[in-house]
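One chain, chain A, links the two complexes that follow: it is found with chain B in the first and with chain C in the second.
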Partner chain A sequence: MPESSSAKNALLSVKNLKIEATSYPPGEPPKTVTLVEGVSFDLQKGKVLGLIGESGAGKSTIGLSALAYGRGGVRITGGQVLLDGKDILTLDKNGIRSIRGARVCYVAQSAAAAFNPAHRLGDQVIEASLRHGIMSREEAKKRALYLFQVLGLPNPESFGERYPHQVSGGQLQRAMTAMALCPNPELIVFDEPTTALDVTTQIDVLAAIKHAIEETHTAALYITHDLAVVAQISDDIMVLRHGKTVEYGTTKQVIEAPREDYTRALVSVRQTKRDEAPDQTGTQLKIEHVSAGYGNGFKVLHDVSMHLPKGQTLAIVGESGSGKSTLARVITGLLPPTEGRITFEGKELPRALKGRSTDELRRIQMIYQMADTAMNPRQTVRDIVGRPLSFYFGMHGAKKTARVKELLDQIEMGTRFLDRYPAELSGGQKQRVAIARALAAEPELILCDEPTSALDPLVAEGILNLLLKLQEETAVSYVFITHDIAIVRAIADSVAVMHRGRLVRFGPKSKVLAPPFDDYTDLLLKSVPEMEIGWLERVLATRRMESAGN
Partner chain B sequence: MMESGPMTGPVPTDGTADGAHPRSADLSGVPAKPNPADAQGELGGTFWRRFIFRRPLAALILQRLGLSVGLLFAVSLMIFGGIEALPGDFATTYLGQSATPQAVENIRKDLGLDRPWSERYLSWLGGAVQGDFGTSWASKNSVGEQIAKRLGNSLFLAFFAAIVSVPLAVGLGMLAVQFRNRLPDKIINVVSLAAISLPEFFVGYLLIMFFAVKFGVATFPATVYDSMSFTERLSAIALPVATLVLVVLAHMMRMTRAAILNVMSSAYVETAELKGLGMFRIIARHAAPNAVAPVINVIALNLAYLVVGVVVVEVVFVYPGMGQYMVDAVTVRDMPVVQACGLIFAAFYIFLNMAADILAILANPRLRHPR
Partner chain C sequence: MNLRAIPFSAWIGIAGIAIAIFCALFAPVIAPFGERDVVGDIWLPAGGDFLLGTDNLGRDLLSRLIYGARTTIFVALAATVLSFSLGMILSFTAAVMGGFVDQFFSRFNDLMMAIPTLIFALVVLAVLPQHLWILILVMAVLDSTRVFRIGRAVALDVAVMEFVEAARLRGEGSTWIIFREILPNTLSPLLAEFGLRFAFSILFLSTLSFLGLGIQPPAADWGGMVKDNKDGIIFGISAALIPGAAIATLAICVNLVVDWLMKRTSSLKGGRGDA
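Presenting the complex of A and B:
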């Protein structure tokens, strides 16, 4: 049988994996939930398998099972994980320890958290190799140096002397890859290694990882929710949903000829498209020469000016540290600007929150990236959405309940959610409740701070469509902060590009996102991964040509 | 400047805004912080602000030192003021039944109590700064000399209590983490909790009953004399040291355990686990260094207690330390002694807390190795 022969040659062979965990819903007895069921795959030596799916699809859990590890109360309850034909789930503690960090290594999503802040990077990179007796200190240091070079880290000779806080996020992610590669493992599990990075950084890390894998002939499980990323790096792709396999095939087949509806939806996400408003002369919100900063005299915003007509959407794009969230804080009054002024509906807004009247507060509302942390976990949806109703309009009793129900209808959630706690809602539902809370104040402007970036593509699509629908119904304006160019293309009327606290480019969408570009916008646009095999090579080749041309 | 003229539609800014240099590919990993030139230009300001920016560690430590000195002066003022506010005075206590107004007046004049308090405070402070605490009203001896001996005794006791309890507490804390929620952890927890829950005089008397009275292996009372040899002194203080260790152990042990457990749930400990490291190495090398700051603070608090708060233990074991000396002085309103003791206690307390603060700062790699 071809199946068994391929399994025999496979480096990693996962068979009928079942993983469970115990959950503790509030006010109910603990119950067992199945996270992963019936997942099987084979990974040959030196190949890369991409695991892709929404959060909660069980990707990380499957990845960690290759190290016989379960986070929190997660248990592997069925199936086999064969490493070179041997089931590692049956090993004892020492047997498992001899595999972890030696034959199978792990690269975490947030390298910033995964490196120990108290030790030098070099010591951490070679630690596993030394503790497993794989090489001597000198050999390990030499290998670390080689890996730092392969991964394109600056000053590879002295890089290991640094502490984690002394290098950037992109460098840490590469250092984490070096740490995983150092003991010459047979398999590396990459758990969303570029998700936390800016797009312009992601492309470098992606290229470095791909280069290092090819150079060292290591096999890899590459976990991500971004199909465009995985298309650049893997040989095979497995699409997962709710802990089950949706589709499993070669990268070419999955990207170019997906068999399942769900995969097709993933491949063709971002159907939302909207043309910009033809007339953008209005100035409901006007930001003039605003500068702002935090303590110690560090300026975060430098002389920023832009404006937004009523009922339209202004997208502010930029990487982390560009000052886009700071600008939102300045508009809300949470952070008074040091210079400049903000006019709303023809009236200058008091600089600080304290100086603003209740009505001024009501007219500008905010939606946050993490709906979880923006809601009181001890309040039900009824309380959360009802609070602005009683605060701004003095509603209570049946009238308030009726209005809350109306709002839930507007966000396309039924009244059955009325008495649920945030913990009993999915990520997308939480964000919808946050939108309902903002709407309850009947605002004229909603500041959306990356409201979809913590969500999965299909759920995010739903939220965007909802926001557009609400804009049509209520003529509310949006300032939409994002780092995702695709979202900007989909929903914006005007666009502001920010970089290191300064406005780089501002104008109607059609002009800002069309050539001629300034250097930064060009780099930003070119770094967004495209759903196309070979995109990464093409971009890198263009870059090489450009730098050779210089 | 465009004052308020309405803008005629958005104007795309062609080209790059000033100073916004796009990152080139090889620069993209540079930490996102304002570039040094910018930062300096904007910082400007005073010398101190630039110093904070360049040498954050030295600046923080200098700041702590300055604060400590200021605090000590504030405390000296409060001690003096507090004693001023105490009802009754030395003259009436000293004379007792024979306190005629004339006799009281004479003594007050002898002691200089007729001068205004601000004048007395300044002359006392001037002496104290030079190490001269005046003479005791009751014994007419130099306060400095008497205190030196008593303080030596107190520090002797505190030192041995500390070198037993601190390593023991940290070690037990780490052991408790390694066997978390298993039998050794539970035993350590219950025993240390029992020790902290019993008042120290009770623990002291229990120890005396068993070790001095029943088994006769320890000496009681724990009084030390000038003529005693070092080993005799050690055997004399065995029981008070044991009492103190039992009292301070639990607090430090539980803090160590909590601090390390807190760190154990972090992502870098998971990384260490996925490197296949052993449990002990994970705790000792990856968790402990990051749990130092809270543990140091609790240790300092307990060390301060060992010096400052041991009055009860000293009384139980008839040990001639500072605490007993101060209590005696308060009962006879011997102000110079009370003031000197109060100031020295405060100095110890402030110094230990400052040391803990500075050590916690030093333990933070972000401050030790700025970018």
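Presenting the complex of A and C:
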């Protein structure tokens, strides 16, 4: 363990932390659940510690404990949280209040939800400093201006005059960082600050945060599930799982020489690459010059054409707002295209859902990003998977049950899940059930709309492997919508890059992901964090060189 | 279902409703006197032969209360169930179909709601012949406008969820979407509304009876009994308060049960809930 000897002069020292919560299962007596147990670490002034783990690992809970705070029903029941040698868990309400927002600040995942939409950004950024009486309004404004400059926000002089809805998501996240830095805190807790952002935006925010931390010598806890991100920004890394420490060491050691199996799995995740199919001439699905839009004349897709051979995978990549999900809606018929046509198996598909026959509907199925909302919470797995069977094939009784069991086997889940409700499944299991529902229709094409982006890396890899296995077994084709280049490398045969509703690049994977690049593809590929220390600096350096060269 | 999981408050509600229903079913057996029999002096105090005293005509108050449970509960329950069936089917159809159907139903509903309920009811009931089923029907139709509004709001919320979209993509018809996808996910707010509407139905019926257009005398109903005995209050006679208390108790009991049901359905396996 690093620096255990120097715990005395650590800024934040967490010792043997234990956090519990009470859960209320319906119809049963309340239960006490241990969320975090036996977690200890030290954080020096000006250093960054990355907390990493999958959802439910307790990383946010630990982060909030640095503010002596527990979310609804969560109690810190054991251990110490020493800030400058003083245990903040023993402080009374006023004592804690004088620390929160002054000495320790918090940056939330969704800046859009964390800002008050009714107030100007500038007022919100300096609010904590004023409330705590740390500085006068003039001083605070000056500091905010300085921070806006450090964080690279556009027009720093007038930025504070704007309202939250007038700036982009990436800028809002940086404004939130400015808000946290404004009172000159000793420690900032970053709770997944870049998770909700596009890769191209993420890199800017990441660079800004790193620069600001270095500039102000603030210590930080950086919480994320993305090891590649944390490798760029932190000095030490703690890997958490089920509320316990798996591994704790310097970033270099954890990334380059992980000691535990779990860490090794995290480091090596998504390094699978699949060779593309050699013959890509067939056209099961053909999209020709499709344009589409919402409402009165607002066009989201402009003249998009691509095709997909039978039994292969077409990956559609792009950041949010690029129109990739809209394209999926056009293919399903939920959004009729205004121009162009879609041919499936040599026959033109009717534009709107209403015009399509049951059999046409059956042959194209869809898997959603959020399995939670894609399944009726009041139906059991048996009903969810069984409905397409009775709807398309008229199955019922024992025959239907047998087929549902078969499908559950296919998605590597046992029959004991038959009578569970979606809420009784984990995120990965839910997505598997959603895949089984799509499979039940015996489709020829499955549209996958970011099916793994809401999942933890290891679980996501399991889902990807399952999809590949199913493709081998049933020769189903996939249109796979994603923003993640690593996934594209892993599963695609052909790739379409989209930007602002236009097709930027389309072709076999080997061609699209190889130079010479167009500007946008280049930016997209370079923005994907790599599991390598110093990657961020390198990318930024090349960017500076390029702009200097121009 | 586990009987132990039912909270104490719900047991109180269940007990209250059970007593009321028992009274309604076995009124002739348990009532000490007849519904319409004048058995004593007017406004006798409680005690003696008359457990709760007598009313403004000298009829036994307890007996009338027991008989009154019959009409009050039957009419209010029938009207509420009917208004819910009507309001929910129409509102869900509007939410699922959207477009013209939605506009037509919603604007018609607005039109109905623009007319003050009580005045509307008074006019219609004055014109139509005085049958019990007409009374129930008028109450149901007027109440269904409220159900329509809340039903459409909650159904719209669910209708945009991805699992409904998935059902549409499968090619399911509106009936399946309404009854299998949307209805189970909107039960919590609608159950809450049911409890409230039932209580309002009792009050509305009482109002109508009070104005002479509800249950016709000499048949007993709780609202009418309040009206019959209201003059007694001036003389310090509490006869009017007893049926009033009965109305309040029943309304509270129904809501205690509904609260519990609502918690149960919304916590059930991660439903969208507020409990």
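Heads up, the rule we're going with is that the second predicted complex is superposed on the first by the 539 of 550 C-alpha atoms of A that agree within 3 Å, B and C clash if a C-alpha of one lies under 4 Å from a C-alpha of the other, contacts with A are read in each partner's own complex, and residues count from 1 in each chain.
As a convention for this text, contacts are C-beta pairs under 8 Å (C-beta built on N, C-alpha and C of every residue); 3 or more make two chains touch, one makes a residue touch a chain.
Here the structure is a predicted model, which means the values were calculated and not measured.
Enquirer: Identify whether chain B and chain C fit side by side or clash on chain A in the overlaid structures.
Expert: They fit: once the shared chain is superposed, the two partners occupy separate space.
Enquirer: So in the superposed three-chain picture, is A:465 touching just chain B, just chain C, both, or none of them (first/second/both/neither)?
Expert: After superposing on A, A:465 lies clear of both chain B and chain C.
Enquirer: Check the residue A:502 against both partner chains and state whether it touches chain B (first), chain C (second), both, or neither.
Expert: Only chain B; A:502 stays clear of chain C.
Enquirer: Output check: A:80 vs chain B and chain C. Expected answer is one of first, second, both, neither. What do you get?
Expert: Neither partner.
Enquirer: For A:201, is the partner it touches chain B (first), chain C (second), both, or none of the two (neither)?
Expert: first
Enquirer: Looking at the overlay, does A:391 come into contact with chain B only (first), chain C only (second), both, or neither?
Expert: In the superposed model, A:391 contacts chain C only, not chain B.
Enquirer: Where does A:426 make contact in the superposed view: on chain B (first), on chain C (second), on both, or on neither?
Expert: neither
Enquirer: For the overlaid complexes, name the partner, chain B or chain C, with more touching residues on chain A.
Expert: B
Enquirer: Classify the contacts of A:415 with the two partner chains as first (chain B alone), second (chain C alone), both, or neither.
Expert: A:415 sits against neither chain B nor chain C.
Enquirer: Taking the superposition on A as described, I'd like to know which of chain B and chain C A:34 touches: first, second, both or neither.
Expert: Touch status of A:34: no partner.
Enquirer: Between chain B and chain C, what is the tightest CA to CA spacing in Å in the combined model?
Expert: So the smallest C-alpha gap separating chain B from chain C comes to 9 Å.
Enquirer: With the touch criterion stated at the top, can you tell me which chain A residues are shared between the chain B interface and the chain C interface?
Expert: Touching chain B and chain C on chain A: no residues.
Enquirer: What residues on chain A touch chain B, complex-wise?
Expert: Residues 67, 69, 71, 96-102, 105-106, 108, 110, 113-119, 127-128, 131-132, 152-154, 162-163, 165-168, 170-171, 174, 200-201, 204, 280-281, 283, 286, 288, 296-299, 302, 306-307, 319-321, 494, 499-500, 502-508, 511-512, 516, 518-520, 522-523, 543, 547 of chain A touch chain B in their complex.
Enquirer: Which residues of chain C touch chain A once you look at their complex with the stated criterion?
Expert: 1-2, 5, 161-163, 165-166, 168-172, 180-181, 184-185, 264, 267-272
Enquirer: Which stretch or stretches of chain A touch chain C in the complex?
Expert: Residue list for chain A touching chain C: 24, 26-28, 332, 334, 353, 356, 358, 361-362, 365-366, 368, 370, 373-379, 387-388, 391-392, 421-424, 437, 441.
Enquirer: Can you name the residues of chain B that touch chain A in the complex?
Expert: Per the touch definition, chain B meets chain A at residues 2, 6-20, 22-23, 25-26, 28-32, 34, 38-39, 42-45, 49, 266-268, 270-278, 281, 285-286, 289-290, 365-366, 369, 371.
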